[in-house]
Structure formats: C-alpha cells, structure tokens
Amino acid sequence: MNKSKFALKLNSLLLAALLSISPISLAQEPVRIAFMDPLSGTFASIGTSGLKQIQFAAEYLFNSRGGILGGRMIEIVPLDNKQSPTETQLQFKRAISEGLRIIFQGNSSAVANTLSATISRHNRRNPGMEVLQINYSAVDPILTEENCSFWHFRFDAHAVMKLNVLTDYIAMNEDIKSMYIIGQDYSFGHIVSETAIRLLNEKRPDIEIVGNEFHPIGQVKDFTPYVTKIVSSGADAVITGNFGADMVSLARSIIDSGLDIPIYTFYAAYDGITATLGEDGKGRIRLIHNETSNPIPTEERKAFIRAFKKRHPNNDVTQPRIINALSMVVAAMEQTQSTDPYDIALALEDMRFTTLSGEEIWMRGSDHQIFQSLHISVHTDEGIEFDADNSGYGLFSVYHVPAEETIVDSSCNMKRPSR
Amino acid sequence: MLEVSDLHAYYGKSHILQGVNFNVAEGEIVSLLGRNGVGRSTTLKTIMGEVAPQGSVKFKGKEIAGKQSFEIAQMGLGYVPENRDIFPTLTVSQNLILGMKSTKIRGRWSIEDIFNMFPILGERADVDGGVISGGEQQMLCMCRTLMGDPDLIMIDEPTEGLAPKIVQQVAKLLQEIAKRGVAILLVEQKLSIALKISHRLYVMGHGTVVYEGTPDSLMQADDVRAEWLEV
Amino acid sequence: MLEVFIFATLNGLVTGLLLFMLASGLTLIFSMMGVLNFAHASFYMLGAYFAYSISQYMGFWAGLLFAPIIVGVLGAGVERYGLRRVHQLGHVAELVFTFGMAFLIEESISFFWGTDTKNYRYPDILNFPLFTLFGQEFSAYRGFMIGISIAIFIGLYYVLTRSRIGIIIQAAITHPHTVANLGHNVPLIFMGVFGVGTALAGVAGVIAGPVLTTFPGMAAVLGSIVFVIVVIGGLGSLAGAFIAALLIGLLQSYAIASDVGVPDLLNLLGLSFERSHPLNDLWTLTLPQVAPILPFLLLVLVLIFRPTGLLGKREQ
Amino acid sequence: MAILSLKDVRKNFGETEIIRGVSLDIEPGEKHAIIGPNGAGKSTLFHLISGLFNVTSGTIEFKQNEIQNKTPYEVNRLGLARSFQVTNIFARMNVFENVRCALLWSCGYRYSFWHLLGKQHELNEKAMHVLEQIRLQDKALFPAGELAYAQQRALELGIAIASGAELIMLDEPVAGMSHSEAENAVELIRKITEGKTLIMVEHDMNIVFDVADRISVLVYGEIIATDNPENIRANPRVQEAYLGEVAVSA
Amino acid sequence: MSMVKKLSVWIGYLVVLLILPRLFDSILAISILNQMAIGIVFALSYNMLLGQGGMLSFGHAVYFGLGGFMAVHALIMIESETAYFSILLIPLIGGAFGLIAAIFIGSFSTHKAGTVFAMISLGIGELIAASSLIFVSFFGGEAGISGDRTFGPLFFGVDFAQDLEIYYLSAVWVFIATVFMYLFTQTPSGRMANAVRDNPERAEFIGYSARRVRFISFCASGLFAGIAGGLFALNYEFITDESLNAITSGRVLLMAYIGGLGYFIGPIVGAVILTLMNSLLSNYSDLWLLYLGIMFVLTVMFLPRGFAGFIMMHQVVWLRGNLKSLILPYLITGIPAAIFTSACIALVEMSHLEEEVFHYLGLELDPSATLTWIITIAIAAGSFYATRRSVGQLSDAWESANSFPDSEDR
C-alpha cells in the first residue's frame, strides 16, 4: 500500500468519526468533474465508451472506497460536444455556469486545440475562475509544443513519440525494404506522414518510401483504388494514422485485395473495429499504444477490467489512460487538499504516479506531457485473455519501450500565470 | 347508362360547370356541342374524376362522383382526352397493351381486331408512338381506350387538327364502335360530324346545357346555332 | 502502369455500378414525383443494417433476400403515409420532408443499432480471389457485386421496356392522368415504384455493406454523390443515370490512381513557387487529393452549361 | 403607320409547325380580335409577340423596333403589356402589391433597393387609381390568391394595364366567367383600353363582335381572314373552319 | 398599421433584445443568447432567399462560413496590427465577404429557381466545404483558425472580453440587420423578389428580369449571412470548416422551416426554438437528435407553415373573438397528447438506458421491471386513444371558430 492510499484510508476513518458527530456533513458537496466528448451523433460510440470508463473508475476506485478529500464523492458530469469545435465552446460555457473547473476531453485534436485556446483565453480574462483541461487522448504534438498551456495536461503519448517507437520497431525488421504511407488529409495525417518519413530516413535510409498518399477524411466510399496503388508500388508495409470508419475500410480493402503486408497504425481496435477485422486482420494489424491489453501485468488491473466487464458487458476498457488521468488528478487534489485548478496543476507538474499496472509514470512539468512505457501490439486471437468487442480477438503486445526511452524534447515555452 | 345531374365544377376559383344535366342511354351516340371554353371538356374531365365534381354522376346506376379516375375506368367508362397523350417512346402495340386493364379478361376488342380495322396501325405496330401522324395517333388513342373494353366511351374532339379524309375515317370508326354496343359521348366542334353520326345532341353554353335535341331538330333551330355555335 | 489502369477500371466499375443501383431507384422516384428524394441513401443504409442483423441469424443470403423487401415495404410506407400527404404542400415541402426523413432514419439507426462499426461480413463462399493479376487479387465478392449490379440493370431494363407493368409504369411517370383514365391504379403504382426504388437502394446497401463498412455515416458518404449522378445524367433518365454513374465511378477511380497534380503542371510550364507562397496549398494540390470532390465540380459545370443534364429532357 | 407589324412569322416546335407564316398589321388605337378553333395557335402567337417564345423565322416590329427575339421584359419595357388565359397573378401577395409591382418599372424604380415603397406617395396613388379602375379598391389588402375568380380576372387586367402600355394584349379575358360577370368584364375592358391599342383572343363571339373593330381568324397557324366583324361573319371559309362543311350548306 | 404602432414593435424588439441578459444572466444563458443572435440573423438571411425569393438552397452556410473566416482573419490582422479598426465593425467585414461570394456564385446560379438552383447550391456547398480542408493556409484545416477579439481600439473602455459585452454588441447588430432586412422587403427589389417567387413568368411581363431580381435577393442574402458569420467569429473567436459545411446549411433550413417560411418573424422563432433545443435538450438525453428528427418530420407534415404559421392561423379566430371557444378543445386534445408524447419518450429512453433507475418527470422508473413497461405502454395506448377520439372535436371546433358568418368572400 502506498502512501497516498494510506492517507486516503486514514481520511475515511476520520470521516467516519466525524460523521458520527455531525450528520450535516453527510451532505458533503461532491467533487464535480466534467467529461466532454461526443455523446450523440456519428462519433458517439467512442465518447460514450469513454464516459462509461471514467464513471466506472470514479465509482470503483474512489467513491466505493469512501470518496476523496475526506469523504467527498466524485461526480462525473457528461457534456456532449458532438465532436464539434463550436459545440465544445457552448458546452464549455455550460461547464463554467455549473461551476465545473476540471474538464476531461480526448477526442479529436481539433477539439482539443479549440478547447485549449478557449480555456487559456477564459482563464486570462477571468482570474479566480480558472479551468483545467485534462486531455486524455488528443495526440497533436502542438498541444505540448508551440501551443502548450499551463492549463492543459496530456495523458497520452503524442504522435511523434508514438511514431518514434513505431519506426524503431519497423527499423528492426530487416524484411521491410519499402513503405507506403497513407493518411487522412488533415493535420494528424500530415504529422504522421512527415514524421514517419523523417524518422525512417534517419533510422533506415535504405527503406524506400514508395507512396505518400492523403485522402479526404470521411469522404472515401471505397479504398480499393488506393489499395491498388499500394499493391502496384510493391510496398512491404503500410503506415496509416486513419481512425474510425476510414481505418476499417482501408484495412478491409487491403485484406480483400490479398495483400499480405503489415499495417502499422494507431487506432485499429475496439468499438466494433476489432470484431469487424476479425480473422482477416490477424497478424497484420500492428498498433502502438500505452498500457498493454494482453498480457496484463498486475492482478489489480485484471480485477478492474473484470469488474468493468461485469458492469458493462458490451464495452471494453479501451482507454486505460482515462483511469490514470483521473487517478493522478485525484492524487493532486489529495496532495494539496484542494480542488482549485491552479493548485491541482501545480501538483500535477512533475508528479510521479504508480498506475494499476504497477508502472511509474511521469508528468513532465515543462510541457505537461505524460511519459510512460509504450507498446506495440498485434491484432490476434492467440494469447488473448482480455478480448475486444467480445470477438475473441484482441491486442497482444509484442514490443515494449520503457518510459525513459520515449522521452523527447519539447519546444514548449510555457507562460506560467502568477498568483 | 350515364346520368349527369346538376354537375358543378371549379378550376381553382373559376366556376366552370354551373349545373350540367344530360344522359346517355346504352348503345347511343350523343354529342356535346358548343364553342370553346363553354365547359365541354371540363364536363368529361369532371365525370372522369380528374376535376373534383359537385353534384351527381351515375354510371350504370351507381354514383361515381367522388371516385378516383381509375376506379371509374375500371367500371367500364372509357375516356379519350383531347390532347391524345400518345406515349411517344412506346411503340404502337405497347400503347395498345397499355389500354388493357388486365391480361386475363378478354374484352370485345383484341389487338388483332384493331389491326384488321386499321391496317395502317398494324403496319406500324413496332413504330414508336411519337413518330406516327396525327390522324394515326388519334386512331391509336381511341383504340387504346377500346382495349380496356369500355361500355361507354367519351371522346373529346377526335377530329381536331385532322385532314378531311382522316375525319371521315374517324367518323367511320365511331359508327363501328357503336355497332358493337358501346355507347359514345362525343365532344365535337365540327357540326358536320356530329350531325352525321349522333342520335342525340346537347349544346352547351356558359357552363350549362342550353339546348337538347336531335340532329334534325338542331338543323331547324337556326337561332340556337347562331347564338351558341356559329361564328 | 498497366495493372494500375486495369484495376482502376475494375474498381471504377464496381463503384459506378453500385452508384447506379442507388441512382436508378432515385431517378425512377424523381421522374414520378418530380422531387429528389434526399432520404434515398438512408434506405441504402437501412438495407445494410437489416442485412447485417438478418445475417447474424440466417446468413448472408437470407439478408440479401429479405433486407431489400423490408426496406421496400418501409419505403412504400413512407410514400403512402408521408410523402403523399406532403405532396399537396408543394415541392419545397416535399424536398424538406425527405431531408427530414434522411435525418430521422440516420438517428433511428443509431438508436437501434448503436453508433459503432458493424461486423457485417460477406459469405465465406465468396471469400476467394476471383483472379490474380500482376500479383493483385480481385476478390470474388467484387465480381459478385459487378454481376448482381449488371443483373439488376438488365432486369430493370427488361421489366421497364418489355413487360406490361413496365409499360404502365413508364406511361404513369409522364402521364399519370391518362394512365388512370385507362383504369390503372396510379396511386398504387406510385407506391410500388417508390417501394421498388427504395428496395433497390436496399440491395445496394446489402451488397455494399460488407466492403464499404456498415456504420451510421455510410449514407452521408454516398448521399450527395447519388444526387450528383441523377442530376448529371439528366433528371428522370435511367440511361443517363447509368452513364453518369459509370462516368463518376471511373473518373474518381482514375483520379485516385493517377499521381499527377498541380506540381507536375507547374514543372511542365517551368514555374516554381516557394513553400511559403500564400497559395502553397494550390500549388501542391494533386489529383488524388481532389478526387472525391470532382463529382461536385462536374455537377456545377453541368448545371451551368446544360441544366437538363446529359440525357435529360425534363426541366423544372 | 402600324403600331405592331408581323411579317411572315413562323414557329416550329421540333418537327411540327405551329405558326405557318402569319403577317398582320395592327393600327394604333385599333381593337383587334383573334379567333379560331382550338389548337390553331392563338396563344402561341401571343407568346411570340410578347417575347415568351422566339420566332423560328419572320419579323415582329413594335413601334418600329424589331422585337421578335427580345425577352418578355424588354418587350414590356417598350410599352407592350399582356394578360394570360390562365389567371396569372402573384397569388401570395395582396391585391395592392400586385398592382404596385406592375407599376414599378414604368415609374422608373428599376431594381432599386434604396426606395421605401411606403414613402412613394405618387406611386401608391397611381396604384390606388388602378385599383379603382378595376373596382378592387376595397380588396386592396386581400391576398390575391383568395379573391373570387372574376375579381382575379379583373386583377389580371389591372396588372396588364397598370404600366400604361400603349399596346395591350388580352388572352381570353372572360373565360370561365358567368354571363353577368362577363358583361361587367367587357365594360371594364372597354373602359381601361380607351385610347389604346388592344389585341385579344376570345371565344365568346358576342364579346368579340361587340368589342372588336377588326377580326383575324387563325386556323392551323395561318390567318385565313382579317376583316371587319360583318365580313367575317359572312365568310364561308370561317364558318367551315368552325363548324365543318355540312353546316355551311344548311 | 400606423407609424406609431410600427415603431413601437421595433422599439419593443430592441428592448427585448437588450433586456434578455438581465433576465437570464448565467454564463450559459448568455452564451445561448449569443447563439440565438447569430441564428436569428442567419435564419433571416436564409428566409430572404427561400421564404421571400423562392430559392431553395442547400448551401447557404457557404456565405455564413466565408464571412466568418474573413472576420476571423480580420481579428488576426487587428491582433497582429496589420490593420487598425474597432472590432465593432467585424460583422461588416463578414458581410462584405459574404456579399462578394454571393455576387460571384449568384452570377451563374440564379438563372433558374427550383431544382436546378437547389442542386447548384448543393454542389457549390460541397465544393467549398471540401476545399476548406484542402486550402489550409486560409481555412486552417480541420482545426480552423482563431483570433482574439480584445485587441484593437477600445469602445468607451470596453474591450469585449466578456460574453455579455459581446452579446450587447451582437444585439445591436441583430437589431440593425433585422431592420435592414425588413426594410429590404419594402423596397422595389424586395417586393419584386416576392413577385418572382410567386410567378416568375408574369414578373417578366411587367418589365423585370426574374434572374436579375433573384440575383439581387441572393446577394442581399449573402451579405446578411456574412454578417451572421461575422457575429459568429466575434462570439466564438474561432471558426472551423464546420461553419461552411452541409450540417450548418441543413440547420439553417431547419430553423427557417420550423419557424415558418414566408413570415418575417418565422425565422426568428425558428432560430430561438432550435438554439434552445440544441443547447438544452442535449443535456437531458443523448437521443435528442432523434427527437429533433421526429419533430422536424412531424412539423413538415402537420404544420407546413411552421410555428409562426401556426400562430398566425389563430389571427383570424382572434380577430373574430372566437379564440376562447378553442381553449377547451385544445386542452381536451392537448393533455392526452402531452401524456402520450411523454409516455413514448419514457419508452424510448427506457429501452436505451443502461442504468437501473430512470429519473423522469420526477418519477423513478425501473426499466428492468416488466410492470414498469406494462404501465407505460398502457398509459401510452390510453392517451393515444383519447387523443384520437378528441381530434375530431378539435377540428370541428376549429371549423366553427373559423367559419364566416357571411360567406361573401369565400
């Protein structure tokens, strides 16, 4: 048992003692945290899945154990931003109206960028009413580079970090002589393409980039024409940053064309994708992520996942980083005994925290970027203890990079507000 | 067979039929005469249900006012509209097939019959309806309606725009139709045809029937002709 | 280069024929009611989802059989209880109604099936390469898609031009009153045509679902393209829709396959621009990048210079 | 000098020739009627003159301007106005607005978006005056689509004459009216076309003979006779065209 | 209407605009009001096109979005001091750019109204929306571009950092835009737009080129859509491709249609209703889009003239003093209808929810219990039956309230 947990226990004991004296404190105000992601519309599945995970984590890790900060419950307030920057702004106003000061948000870097800019502006104009952005999934490096903000914390490795590992892994494979890069025609796709080319050139100058294609996001009906180009280019492997339906369609088209080459990617699992790829995707899809899905290193996490599956049989713990983020925010609150965003932010800086997986992760203070081990997993049905989409298939980790090797420099020049 | 009493009809705001009364007996040829715009075509359209009727229209003893066009047609009331509406992209025989209400019931007319009666249509059986001459189109249009085996056929201006020779042919066809026991309600502007083949005549003016009689009596009634028909 | 061309043609054909299946129903409905049915692609999506659900229990083939029937019945219901009522309120109301239906169907699908991607698969019996050319496989299922599309085209063509019911439909589309006067139940025909049109969209959904991914956005991806085809082909012209569908299928396929772009053009002209040039985006544009918007460009050009479309006669 | 002069005007629709060489001169101030059986091409002729259709060949001169291929609005701006066989008003606007719109161009407002109509007193008075002429002043604020039929026809006339055109063309102005309504309408037509040139298509022969100075008979796209009413009535070709040959002998 | 009465309506409008943030003063309320302000101008501009000019557009967001993008660029220019003017004028920049875009596009798209126009607008809309992701330097890609409204010269010491300040600025612009759009309907061009909508053929015979008239309406509409885009830029301080695409075009069509085409206040009503639904309903249910879709389809079917049309339907009854006679029939039908609606919503929500308890209208329903379902379905069926039964009486009452004592005009 580590220190903070001990403190937590002690607190709850104290609380129990207090409760017996004054029944009024029963009505202790909950700690309210906003979770802002698409909960309706086309992208709803990913947002609702995330919401279930954070709600479950709050319940399982904290509320059922007597709450935080001496008995206060965590209340997760869902805010539906429909993955639209405009709607995000409106929901942000709603959050402020309702006194929500901590906002979890993950989906779409565009939304994260907007939110970050909005929050910076708001915090500058409304001192004393600051809001904290907990970004658990948006990986555009700019958020912790040029546009880094004191009020923004990222709990996922950014695209360049991930590509660094991915290209290392590719570089080790001597069979790969040529590479095809295809991506959605927007910032993330371009980052993936530019970074992959740069890193591959450094690490394996002999790998020829035989294709560098952009297609409009969400507009392509049929990826076969693109796959035709991949085939005729003679590529040995594909890198793509596609997500959602674009990812599934691309992978399916590659599979259908009989092209048996690995696909290196980021978002090709869960929320129906694993089930859809099924047997055909076996061994072909390799993706980079944090927190292994199989094998799971600790019993604690296994218990967490099993409890979650029991509560939500049709969902999976797709984003363990949400849990890490929540745990670290709570730890920061406990540490400062405050729910004020400024205090929490200061406490989060350079915090080291041991996750359910037993790994110590580090929030770098200079740019608010998390560092933790990264893994490359294969889509397979072998050795899968925890599958995805109840399909029997899941991710099996084949390559691990410890946290310290993922560290990259940042050009962040953070403006720190003074109090 | 057809009894129209106190029939009113409106086009938008325009009160076109202002109480029309007439009847057609079985096997009879009856003409509806009058100048343009007095409501003769509208009368036929109203009977057919294309224009909303007010009043009573009885066909074979049953009230048909308010029924939909296709129901009325299925009861055995045929209608050949003024604008002919030959389907230009369908062949002559396809146009005829279109007139059949069902492939099962055989009526008094068959395609062979029609082609015998009008060899010219038979010759052009596979020609598109759009390219045959105006007279042939008129024939085809009437024959198409006959294919549905009506007991009463209403024909709007069959001779309009036709050469005199063709007009004679149309007249012959009308008499042929009547011979097979089909009653005819004819809307005509050409007195010559109407007088020649009709059993009875009605003259319309200002949305009502203003004169009823036989061809002979109309020939006598110079005042009626002058007021309601002639130029 | 040859293999790229051959496969681009085949791919274009697959897309084009699929688009035609959608466009044929839409153009029939348009000819009949004079209104473009915005919800048409939504029926396509319904087809895929119904087939997915049916295939879970009874296999792909049952889905292919029943899903279009269900979609057709739904479509007929929409005509009977919705459109027929709205028809009296004029064209704008009708267009807006179908627009609303599209919206409603998409939301209903999210409600009943959820928003995640569905694991809708084609049958294993078709899971083999039909042929391999230059090392690239052409899957049997794609061959099947081409086959079924062509079969439907021929069947539709035959029914419409040769059969008695087809003759009646053709006539009813242009002259509903005349046909009613000949004793044919025109409202029923209209409902039937709407039902068959939507069922065709359903078929397209059933066969496209497994390869183009079954997810709630699938209608939006195709919806406006189908419109473009119907308009370019000429409103109400089936043959025009056929030509336009193939044209757009091939055009997009070739555009993606090609690697040319503005940079090549500039090289040819001997011009060059700095990366910092304000119009840098324009100077680096490539044909594959703009492939998906080519149909809309074509649409605008056709409407400006030939508002009736390629083979259309009817003008609003 | 003829105000309107048609020279060998022809119009084909595809293969079919609808107007087969019409030549006609209309004198200023003349009241001219065009009659003929259905499908003779009367409305087509109107459309050709008023600019809705382009001619296939031939010329149309209005006040010495060739107008055969001009657009309707260009023709109208020269001082030629027309009414329609089927009531053709601005149904969702009120009666007053209908007439005022018809006045706008001739009063020189063109496409202005800087004049407020409420403040244009002269214009509004003119519009009221037209309404008085067509006896619809008490219906001024009524939506035009809600008027009774005869009133809509009167409004149709009002729109045609409002701009003060010198040549007015009326296409079946009394079609669909009851007898008494038609009489009122004729009186109205006579009043509002006073001093102007009038061309009208009409089937009601009483009205034609009542109003017209001269009559042209159009049959199958050709004018078979142009003359004063008495001569037209006596013309056997005219009777034949109307009634077929048998009746003539009777 | 007399001059005084007219003026008082306008003054009332201005007062309501200015007093609203006093009544609803939470941060959320202010931001909803700001949205409404944008929606009102945008929907009114759309109504100029469709309601008054008869042109159905599926790409009206183009002018809104382009105006907005230009406005944000202007904000950036003020911030970077390449330009120096007050942000009060930002909406004007948006309007100018909307106008320029409309002049260009209108020059070839206003040939015809009807389907051809609708399809061209759809094509242009898709083209521009797609280009916005390609031409990153102007449109900023999917992240869009953002600026800051607090630069430039101060306006009497106000830097417009707060939403409330922006609301007052917007309210003034909304008022100005509304007045000008209303005045436009009173000009020769505005009137002729109505005439061309009703009957383009006849309009040509009274001296006007239908195309030119449409073009002028189109440009005016583009101008005001651009102003709305400028207000958007001021309020949100950023803009993305979302503001240009089909969703925004669809939304403005919805606003104008649900509010009521052809009535000047229709779009205002529509903008208010839709903004409220969009921002409030989504907090209660993630199925709100489904409800919105159902409501939209039902509106098209049963209230073809929108909410404003529905209200205006009662004008005649009111003038005749018969409105009272309708209250009881409305209640008799309305109450079971409301019960039916809420029962249906309960059924839909229960089948969707995963939680054990469903809080609804102050009740706690248990979706896992069969009894809950049976009771809810029974309530739904019963109230449906009651509604069906009473509709007849309602329409009778409506007829009699509307009937003319003398049928002279009919």
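Every chain is named by a letter (A, B, C, D and E) in the order it is written, and numbering of its residues begins at 1.
Following the convention adopted for this analysis, a contact is a pair of C-beta atoms (placed from the backbone, for glycine too) under 8 Å apart; a residue touches a chain by one contact, two chains touch by 3 or more.
Every value quoted in this text rests on a predicted model; they were computed, and no experiment measured them.
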Set of chains whose contacts include both subunit E and subunit D: none
Set of chains adjacent to subunit A and to subunit D: E
Selected pair, greater C-beta contact count between C-E and A-E: C-E
Label of the chain whose CA centroid is most distant from the centroid of subunit C: D
For subunit B paired with subunit E, centre-to-centre distance based on mean C-alpha positions, whole Å: 53
Subunit B and subunit D: spacing of chain centres that average the CA atoms, whole Å: 32
Centroid spacing, where centroids are CA-atom means, of subunit A and subunit C in whole angstrom: 37
Set of subunit A residues in contact with two or more other chains: 41, 44, 185, 216, 219
Where subunit C touches two or more other chains, by residue: 110, 289, 292-293
Shared-contact residues (touching 2 or more other chains) in subunit B: none
Complete list of chain pairs which touch one another: A-C, A-E, B-C, B-D, C-E, D-E
Parts of subunit C lying in touch with subunit A, wherever the complex brings them together: 3-4, 7-8, 11-12, 14-15, 110, 114-121, 129, 132, 134-139, 141-142, 211-213, 215-218, 220-222, 225, 252-253, 256-257, 288-289, 291-293
Subunit D-facing residues of subunit B, complex: 11-16, 18, 35-38, 82, 157, 160-161, 164, 167, 189-193, 195-196, 206-207, 219, 225, 229-231
Subunit C contact footprint on subunit B (complex, rising order): 48, 50, 68-70, 73-74, 79, 81, 85, 87, 89-90, 94, 97-101, 103, 144-145, 148
For the subunit E and subunit A complex, residues of the former touching the latter: 26-32, 35, 130, 133-134, 141-144, 146, 148, 150, 161-163, 236-238, 240, 242-243, 279, 282-283, 286-289, 354
Subunit A to subunit E touching residues, read off their complex: 39-41, 44, 48, 80, 82, 84-86, 89-90, 93-94, 96-98, 108-110, 113-114, 117-118, 121, 125, 185-187, 216-217, 219, 312
